[in-house]
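Here come two complexes built around chain A, the first alongside chain B, the second alongside chain C.
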Partner chain A sequence: MVDARGLSCPVPVVMVQKAVNAEKPNELEVLVDAMVCVENITRYASSQGYTVDVKEVDGGEFLMTLKKA
Partner chain B sequence: MGKNSKVNIWVLVTGLAIGIASLVLTAMGNPKNMGFCIACFVRDIAGATGLHQAAVVQYVRPEIIGLILGSFIMSLATKEFKAKAGSSPAVRFILGACVMIGALVFLGCPLRMVIRMGGGDLNAFVGLAGFAIGILIGIFFLKKGFSLKRNYAVTATEGFAMPFSAVLLLVLVIAVPGIFIFSEKGPGSMHAPLFVSLGIALVVGALAQKSRVCMVGGMRDAVMFRDFNLLSGFGVIFVTILIGNIILGNFHGFSTYLQPIAHASQLWNLLGMVIVGWGSVLLGGCPLRQLILSGEGNGDSAVTVFGMLVGAAFAHNFKLAGSAASLAEDGTYSAGGIATTGKVAVAIIFVVLILVSVLNLPKIEKKTK
Partner chain C sequence: MEDIKLTKLANCAGCGAKVGAGVLSKLLEDLQVHNDPNLLVGFDKSDDASVYKVSDDLALVQTVDFFPPIADDPFTFGAIAATNALSDVYAMGGEPKLALNIMAVPKNMPQDAIHEILKGGYSKVYEAGALITGGHSILDEEPKYGLAVTGFVHPEKLIRNIGAKPGDVLFLTKPLGMGIITTAAKVDMVSHKTYNYALNLMMTLNKGARDVMVKYRVHACTDVTGFGFLGHASEMATGSNVELHIDVDNIELIDEALKLAALGILPEGMYRNRDFASKYVDHGDVILSKQDMLYDPQTSGGLLIAVDKEDADEFYLELKSNVPCAQKVGVVKEKLGDSYIYLHNTK
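So, the complex of A and B:
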């Protein structure tokens, strides 16, 4: 699980990039709290061959599930 | 690595809108190649409120007010307005001031750099090289794990601070303009009508909020993630301005000679924009983006904008800003440039940027805990 809540651009994407490069996971959960991060991570994840599922949890936080397509 | 070429249509629309808005504002009175310039306009507001006394750059620019409020209204409409703060505010204040001083050494923020490029100003291409170098340095530290740490949800008052300040400034400038200082000559005296500037900026601010357009984000994302989304906005602004200037007869080829409110002291054009690129990457966005974020409730960006305001005042109080190229009546050409104080300031800012970059890396941070 990558917790990127509250971090400014583009740190959340860097964290996801690091996790993807290091572990090449089939599934990765990412927690963010801004729509702009959801958009940026979705663009990056799809470019790496992941499908992205976004669920709004409480208080404007988003749980993103990246799955290798 | 797969290419990440999906481009958001809103980025293209915003780029086009900024380009057209800039051409219209210049045609209606704003200084040449300065339809929009976040650094210059914040500097003019610093002058109008007496924070500095440079007589030629004092005006309450409605564009700044409009950008903040446009973002504020759009973020309320899309329910994205969220009060957040607490990510190294004092460091952000100082970085905001540094970025502003770098921009005024060059004579323009990244947005005006692109506008100047589209106006045929070759000095701005030197600035672009510096901007790219600065972004690459910033990326180096991002890859090493640089972060100003997270922000937190705070009470709504924090989020309303900047929109409230913008509304207050607008009300005051309409109701009691006499309390402000307005330039009688020079760039500060040149401006489009208040409500035209305000209206256009409201639209641009709303679009910029929606599209997340950011001058520094474009190159950063292209290099780091092969994501060309934001860079496309940068490109559209340049092309729109270039074509617009050609149609309007304002384009006279590319040259470094006697460009409007620009100097041809190339080392300082370069170094000024290295600071802007590097500082903006550390902040997470260019001056325009900071304004937009401050409108959608980000208290850290509001602090950054206030830092920019103080940086602008310092830039003129201590004569750090570049002076523009000029042609005297007897035909003597001056390429313009930077005073010694400005050169010293640039050196100090580089030390500040190195310290901020290194001290916020994960390993160093553990040691200092």
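So, the complex of A and C:
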């Protein structure tokens, strides 16, 4: 799980990149609280062959689930 | 001098700090203004600067632009902010003459750094052949710098961001990707070489392009800044009621920026620009990362110029010798389709 709440982009997308590069996970959950981070992480995840599911969990917080396609 | 990282003090980088185009036009609704026939360009068409006719052969061009640090080095920041502010006058075909400093500085900012910002600004105003005659500074948590610039243009030689005609050929005078590069620099994801290349582009006056432009039949021009290439192009297309057909492969996209775009290193302004302008754009089969580059907010970007087709070849030749990175990027067509801008892959 990457918790990038309270951080502004590009920091969250870089955290996700580090997690993906280090662990090569089949599935990764990411928490962010800005739409721009959701969009940036979605672009990155797609480029690495992940599908992305986004759920708004709590007023303005988003849980993203990245799955290796 | 004390080593300070200016961009760490900024919430948004450069023109990325701009209020979105859609929001801005709402904010400007219903405000009380005089009608004056001598006001040749005002708020109504969201042009780059306002223009007021003083006499039959003289019009005043006025513009203001300032933003938080886009570079860590204070001199570079000052130079970029000044280049960017002067650009609006060049985009109208004008010549900048007088400038006023606008500055905000944090209480604890070293004097040397403030002086360097001003030095950067003065160097560009000097290069432009204009004078800084004063200014205003206030205390603020976040540093900001820019200029209010006054220039002159012959009222009949004024070039607006509307007026492009079918048949015109489109030119762009700087590569795209500056917003992405400055965003990536915040997390050290860009090479020194590319970062310096981008900084140099942002410090390049649009004077060279302007000086060529005024010799030819140019129907429309705008500088590509915070609203991104497609944001500014869509203002040109809708305001001129024409279609712009863009050969995306002919636009120079900063190589490293394109790679970063695919990795999701994109400034928030890119999404704002997309929200505002994508309704005017037919993206064809252009890949997402290239599209994103075309929405990337530019700081001190180049000029987008629509030139009469009869003049286009000669214009391009002269422009190339003055501004080597200038490119022919598309053509203007009659408005027939649903969209205003059509992106094409030519290769």
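Keep in mind that, in the parts below, the second predicted complex is superposed on the first by the 69 of 69 C-alpha atoms of A that agree within 3 Å, B and C clash if a C-alpha of one lies under 4 Å from a C-alpha of the other, contacts with A are read in each partner's own complex, and residues count from 1 in each chain.
By definition in this document, a residue touches a chain if its C-beta (ideal position, glycine included) is under 8 Å from a C-beta of that chain, and two chains touch if they have at least 3 such contacts.
All values derive from a computational prediction rather than experimental measurement.
Do chain B and chain C fit side by side on chain A in the superposed arrangement, or is it a clash?
clash
Pick one for A:Gln17: touches chain B only (first), chain C only (second), both, or neither.
Both partners.
Determine, under the contact definition given at the top, whether A:Leu7 touches first (chain B), second (chain C), both, or neither.
first
Touching A:Ala69, do we find chain B (first), chain C (second), both, or neither?
In the superposition, A:Ala69 contacts neither chain B nor chain C.
Classify the contacts of A:Tyr44 with the two partner chains as first (chain B alone), second (chain C alone), both, or neither.
Both partners, chain B and chain C.
Please tell me which partner, chain B or chain C, touches more residues of chain A.
B
Check the residue A:Val57 against both partner chains and state whether it touches chain B (first), chain C (second), both, or neither.
A:Val57: touches no partner chain.
Among the options 80-88, 152-160, 170-178 or 206-214, identify the stretch of chain B whose C-alpha atoms clash with chain C after superposing on A.
So the stretch of chain B that bumps into chain C is 206-214.
For chain A, which residues lie in the overlap of the chain B contacts and the chain C contacts?
In chain A, positions 9-11, 13-14, 17, 35-36, 39-40, 43-44, 47 sit in both the chain B and chain C interfaces.
Can you tell me which positions in chain A touch chain B when the two form their complex?
The contact residues of chain A facing chain B are 5-11, 13-14, 17, 33-36, 39-40, 43-44, 46-49, 59-60.
Name, in rising order, each residue of chain C that touches chain A in their complex.
Going by the criterion above, the answer is residues 183-184, 186-187, 189, 261-268, 271, 288-289, 292.
Quick check: in the complex, which residue numbers of chain A touch chain C?
Within the complex, chain A touches chain C at residues 9-11, 13-14, 17, 35-36, 39-45, 47.
So in the complex, the part of chain B that touches chain A is made up of which residues?
Touching chain A: residues 1-4, 6, 8, 80, 82, 84, 86-87, 142-143, 145, 147-153, 212, 214, 217, 220-221, 224-227, 229, 283-285, 300 of chain B.
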